[in-house]
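What follows is chain A paired twice: with chain B in the first complex and chain C in the second.
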Partner chain A sequence: MSTAAPAPKANMGQPVPRYDGVAKVTGHAQYAADVPLANPAYAYLVTSSIAKGRIDGFDLTEAKTMRGVIDIFTHENAEKLKEIKFFSNGGYASTTIVPLNSPEIAHEGEIVAVVVAETFEAARDAAHRVKVKYTAETPTTTFDSPGTTSARAKGQNAMFKEDPKVGDFANAFDQAEVKFTATYETPTQHHNPMELFATSCVWNGDQLTIYEPSQFVYGLKNGVAQQLGIDADKVRVINAYVGGAFGSKGSTTPRTAIIASLARRLNRPVKLVASRDQGFTIATYRAETRHDIQIGASRDGRLVALRHEGEEISSRADAYCVGGTKTTTRLYACPNVDSLVSIVRADRNTPGFMRSPPEVPYVFALESAMDELAVELKMDPIELRRVNDTTKEPISGKPYTSRSLMACFDEGAKTFGWDKRAATPKSLADGDWLIGYGCATACYPTQMGAAAARVRLQRDGRARVEIAGHDLGTGAYTVIAQAAAERLGIPYEKVSVSLGDTRLPPAPVAGGSNSTASTCSAVITVCDQIRHRLFQALMPNETLADKAKETVGVGQTPASKAEQSGQPLDREKAFDALGVSAIEEYGEWKPEGAPKDSLQALHSGLVRMVGGPDLGGKIAYAFGAEFVELRVNRFTHEIRVPRLVGAFAAGRIMNPRTARSQLMGGLIWGMSSALFEATELDERYARYVNDNLADYLVPVNADTPSVDVILLSETDEHIDPAGVKGLGELGNVGTAAAVCNAIYNATGQRIRKLPVRLEKIEV
Partner chain B sequence: MQPFVFQSANDPSAAMQALAASGGNNVTEAPVQALAGGTTLIDLMKLDVMRPSTVIDINPLSGAWSQINLEGENLRLGAMARMADVAAHPEIQKAYPVVADSLKLAASAQLRNMATLGGNVLQRTRCTYFRDISYGNCNKRNPGSGCAAMEGVNRMHAVLGTSDQCIATYAGDFAQSLIALDGTVEIIGKSGTRSIAFAQLHRQPGNSPQIETTLAPGELISGFMIPGRWPRSVYLKARDRQSYEFALASAAVALDMQNGVVRDARLALGGVATVPWRAREAEGLLKEQKFDDALAERVADAAFAGATPRHHNAFKIALGKRVVARALYQAATMEV
Partner chain C sequence: MSDKSSSSNASGFNRRAFMAAAAGTAVAAPLTARAAGPAATPSAAQDPQLPVDLTLRVNGQNRQLNLDARTTVLDALRERLGFTGSKKGCDHGQCGACTVLIDGRRVLSCLTLALVAQGHEITTIEGLADGDKLHPMQQAFIDQDAFQCGYCTPGQIVSAVACVKEGHANSDDDIREYMSGNICRCAAYPNIVAAIKQAAPEILKG
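On to the complex of A and B.
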């Protein structure tokens, strides 16, 4: 055991090394763009430099005659792709804006041409020589820009179901002893996974194989098939490893069908690796949000009224919405709650899921406001959370399946040394640096979806698990192998796992932190089918057992009971009894309360996720408490974070090593979302300016000297067979609020608009 | 990146000969470019901002041009010395902390291992509009086309030495210590070697932002010389993150003090100007004065007296002043 591999507590698996660790560090792991193709042509995108208007024409003379150029495709000569439904409205598409279908431009960086050449370099050079003539119109960029339209999210976006409310907010707020109101803002952010948006398409007759990093291979397969107008059975997506995704690779972006169409036309494999800056506009992002929070409380800190109004930017074409009020209205006990989410449309590419989509912006607002309220009440911010802790969510009174929020605060506070915090701002200093402490609640809904798996167990104790799940660097291979090993009673090292291929049984989108719960539950279900067969081979069934007891008076455990009791199994004996050397089982698992058609939908690449505020009459969330020590330089106003501590409880922890790593990454990203990450918009042109990793700031190692992750033991029997809540997106929720709360503690200054930059500090 | 001819120059005369084919009057637009560490050139070629048809690898000159020489009263640095090697040199750390720190606080460890001093001082601006060819309006790339940064996102841009044509910031750090310490730069060309004050190397944008230096096409920097020793010197750099990030404002300060009185003072500013920026008038206020905080603040005010802020970068004036005052304080109080 070590820092990287914490010793397991109760209800935790072993911190076994990563299944794919050696392959990755030795470079053997093949990512999509690494897969060798026979005689590929290379595609390079040309994207629009205007955000609104139309293409008048192209001058391709120079580009077409350059050495190595095969052809250039534009809306004038490319195949028209079929429009497919938007992901958030039950479809596959990241956006319904389909480039190359018309001369109209809907956003900056829309694909306007694809150059195909014999080499990547030739394609890129020719792309730089493509001249596009536009008629530009003045675009609408963001909130408060001329030309925005705003409307309630409800009714526009199928994933946003309700504006939660209960009681009489207006009256209760009016009567409240203490009233607090503030506005918070979060910026545009882009995922920037290390692995770029790559796509390779290979046709073999009418069979299409796609190599692309994806969080949802079945979705991509079906989405592309629809766009091309072909049978989904003709499409295979292969993607064994994903080099980071964070939500950006969950839905079908237009590029895939475009590349597939060109490959078919050229009768040759075509490979695209989009550039870093193109990734800002050909995929999705986290749009900027605004929040009005109103809290009414009693003098002793009990919330009596809460209102959260959120506004989010989306494209003209699609009503993307994160709608985090479903979480913030249910987090604390409060009898009178009101909320409203609106979508504001601008001339932008369609936003999309980005790690903890609803919670990161919405919980930032609520948890900042809670800290402000604590200041106003002269209460310790942890005590304020304790006073308002609850076992039932306030909107419809559903009980939490389990909730260890205050245990997280208590454990985290102890490790962090919260008792050394001075309540009065500007009290602590070290030389040139003012020191501040801050904390906030982290929470994330426990979600899951139907999944299928195939497991093969051999007499010699080796097993193979097949499921079209996805490992985004998260540890999916590892925890799936652990789940199978444990259930089949064989060593972890004996299990091989295949993921990321549509030839395998389907798993849901690797989003919403559902993967471990869904895939492991399916794998456990199938392993149980195998166990069942083995036990049946060795032991009598119930009737026989009963009969034996009647006749000879000696009881024998029936197979069904032995199976459930976790009794060890003599595997070799069972195989011999069956007279076979291997057993293979296919099985499907569906969470409680999942729609009837969940599995059918899953095979078609459609998502039917359940959980969070509605899991069979209960509410299921994972919780955490996050602590930040932050320093502000008195002279330069530079902000540094020497220490982050997070304590988390998320049901069963499959592997403390991978869990710690996920949560550590989350804490760092959460800190980054407050202090570093922001996509800058040139409002004149509705263009992203810092669209590269030099100017889009993310923390470097020197910015994250100490990150401490505490895993709490928690058992939850009301969620799924794996007992797992999911924690991939838990770690970066609340961190931004903890950072701003620490800035207040260090400087006495409250920052409500992210990112925090040194010029915003006044000390 | 357009296809280019790649040649290697094994000695200075071969380099001169290869570069002589260049012609034109602007080094940055010359069709023949020299490649040292490659940390700027390759980047800009991939972005299609620079399009040389021939690239001359001058790394074979490293042997002759990498020396670090502290013999005598002066410091001589070869142009091909790597940033990391100079930053780690114990005698430079002692006799010229400002030089060592300006190198150490620049870029990332990987870049410092590759980048040479000569290439570093010629590092081109990080202006995002300059580096993105999809913006048509950039006077530096397309003279006369306008400046997208002027009314655009200009938080990182310059407040000193700007013109109505260009506000792009000079991004480097090491140049600030060279200009502060009255460094000279040795330049080798086809007609021999010349030496000029480092302060004469860079040109403010004025009406021709496309011309960034006084180097002629075909010339190479062979080395730098810094006269005297400056153990009481500091490089203070304020930036958004702790490493691998350009300065929002920086100050190179060197003081010669006796009994609390400043005998000689040098001050240069980074991250705020279009070129390496020596604040001569401001540093003049320090001479023969007893150092205190009030004096430091007067110097800081004077250093930014002529600053022209734009929409997003006005904070650099206040920040720059605090950085100058703090750097002066650190230099004045350091143990030497």
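On to the complex of A and C.
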């Protein structure tokens, strides 16, 4: 055991090393753009330099005479692809803006031409020589720009079902002993996974193979098939490793069908590796948001009224929204709650899911406001959370399946040394550095979706698990192998796992932190089918009466009794009784309360996720408490974060090593979202200015503090067979508020608009 | 800082030397001499788009190539030689995912033209292990869980090996500073520091 591999507590698996470790440290792990192709042509994108208007024509003369150029495709000569439904409305697409279908331009950086050449170098050079003539109109960029339109999210976006409310907010707020109101803002952010948006398409007759980094291979397969107007069975997506995604690779972006279409037309494999700057506009991003928070409380800190109003930017074409009020209205006990989410449309590319999409902006607002309320009440911020902790969510009174929020605060506070915090701002200093402590709640809904798996067990104890899940760096290979090993009673090292291929049984999108819960529950279900066959082979003489009783549910056969008691299995004896050397089982798992058509939908690449505020009659969330120590130089206003501590409880922890790493990365992401990350907008042109890794600031090693991750033991029997809540997106929720709360503690200055940069500090 | 300048002077390959050479004719001359292509007697001076013949020495083996002169070491490795361990994360020298060793010195292969790497020893992530035996830095990255998605990992490991050999792994702060050219978006940084501390003594001993 080491820091990287913490010793497991109760209800935690072993911290085994990653299944894909050797492949990744030797350079042999094959990411999408690493797959060798026979005689590929290279594609390079040309993207729009205007945000609104139309293309009048192209001058391709110079580009076409470049040596090695095969052809150039624009809306004038490209295949017209079929439109597909928006992901948030039950379809596949990240956007319904379809480039190359018309001369109209919907956003800056939209694909307007694709150059295909014999080499990458020729394609890139020629792409820079494509001349586009536009008629540009003045675009609308963001909040308060002329030309925005705003409307309630409800009714526009199928994923946003309600504006939660309960009681009589207006009256309760009016009569509250303490009233607090503030506005918070979060900026545009881009995922920037290290792996670029690559796509290779290879046709073999009428069969298409796509190599592309994907969080949802079944979605991509079906989405592209629809756009090309071909049978989904003709499309295969292969992607064994994903070089980071964070939400950006979950839905089908326009580029894939374009590249597939060109490959079909040229009768040759086509490879695209979009450039880093193009990634800012050909995929999605976290849109900027604004929040009005109103809190009414009693003098002893109890919330009596809460209102959260959110505004989010989306494109003209699509009503994307994250609608985090579903979380913030349910987080604390409060009898009178009101909320409203609106979508503000501008001439932008369509935003999309980015790590903890609803919770990062909405919980930043609420947890900043809670800290401000604590200041007003002269209460310790942790005690304010304790006073308002609840076992039932306030909107419809559903009980939490489990909730270890205050245990997380207590453990975290102890490790962090919260008792050394000075309640009065500016009272702790080290030379020129003002020191501040801050904390905030982290939470993330427990979600899951139907999944299928195939498992093969051999007499010699080796097993193979096949499921079209996705390892984004999350540890999916590892925890799936652990789940199978444990269930089949074989060593972890004997399990092989195949993921990321649409020839394998389907798994849901690796998003919403559902993967471990969904895939492990499916794998456990299938392993149980194998155990069932083996136990039956060992105990074949079941009486008809036993079987009849079991069928009507009043008793069990000896075999099923043995199976469920966790009795060890004499594997070799069972195989010999069956007279076979291997058993293979396919099985499907569907969460309780999931729609009946969940599995059919899944095979078509559509997800019916359940959980969060609506898991049957319960509400299921993972929780955490995050602590930040921060230093502000009183002269230069430089901000440094020496220390982050997070304590988390998320049901069963399959592997403390991979869980810790993900939460640690999440904490650093959270710090980054407060202090570093913002995509700057040029409001004249609705254009992203800092579209590269030098100007879009992400933390490097020297920016990274010491990070302590505490995993709390928690058992939750009301969620899924694996007992897993999911934690990939838990770590970066609340961190931004903890950072701003620490800035207040250090300086007495409250910053409500992210990111915090040194020019905003006024000590 | 004196360490830094002495290590770059000690190496036969550095970008400053290339820039100086490129400004004169030292690089242009071999380029013309080696130009090849379908035209009968091509003059590269007239058509810089024609491919050129060159030899790259990668992980101890010479590789003959006929390449577009604009090809970077990274694209030559990935698209022509099958060494796809080195990754393209930005193509602008901003992320470090493409880091390789050239004559033992860490270099951003996306900013280095293949032509100027001729006559130099290129070591990629694929060249670190000794058969099935992992390099101590590779083993340390596994032990310390110093990666998640793994995409920046080849660059991190190659960079880390050089960081140790440069003498820049003497403290946590030193490691953090000298590893800051390699971005890890999963933010495995604390584990990367731990891995380098684990591997450093063994590398310096060997």
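The definition used in the following text is that the second predicted complex is superposed on the first by the 746 of 763 C-alpha atoms of A that agree within 3 Å, B and C clash if a C-alpha of one lies under 4 Å from a C-alpha of the other, contacts with A are read in each partner's own complex, and residues count from 1 in each chain.
Just so it is clear, a residue touches a chain if its C-beta (ideal position, glycine included) is under 8 Å from a C-beta of that chain, and two chains touch if they have at least 3 such contacts.
Since we're looking at a predicted model, the values are computed, not measured.
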| item | value |
| --- | --- |
| Which superposed partner A:Ala702 touches (first chain B, second chain C, both, neither) | both |
| Partner chain(s) touched by A:Ala694 [first = chain B, second = chain C, both, neither] | both |
| Touched partner set for A:Glu121, first chain B, second chain C, both or neither | both |
| Chain C versus chain B, contacts on chain A by residue | C |
| Partner chain(s) touched by A:Arg757 [first = chain B, second = chain C, both, neither] | first |
| Contacts of A:Glu588 with chain B and chain C, given as first, second, both or neither | neither |
| Touched partner set for A:Glu486, first chain B, second chain C, both or neither | neither |
| Touching partner for A:Asp380 - first (chain B), second (chain C), both, neither | neither |
| Touched partner set for A:Ser49, first chain B, second chain C, both or neither | first |
| Chain C-contacting residues of chain A that also contact chain B | 67, 121, 125, 692, 694, 699-703 |
| In the complex with chain A, residue positions of chain B that touch it | 1-3, 46, 48, 108, 126, 128-129, 131-136, 148, 151-153, 155-156, 236, 238-245, 248-249, 315, 319, 322-323, 325-326 |
| Interfacial residue positions of chain A with respect to chain C in the complex | 2-5, 17-18, 20-31, 33-34, 36, 66-68, 119-122, 125, 192-196, 241-246, 273, 275-276, 472-475, 657-658, 660-662, 664-665, 668-669, 672, 692-694, 698-704, 706-707 |
| Chain A residues within the chain B interface of the complex | 47, 49, 67, 121, 124-125, 128, 277, 432, 633, 635-638, 640, 676, 680-682, 684, 689-692, 694-695, 697, 699-703, 757-759 |
| Complex interface listing, chain C residues touching chain A | 47, 49-50, 68, 70-71, 75, 78-79, 82-92, 94-95, 97, 124-126, 128-129, 134, 138-139, 141-154, 157, 175-177, 179-194 |
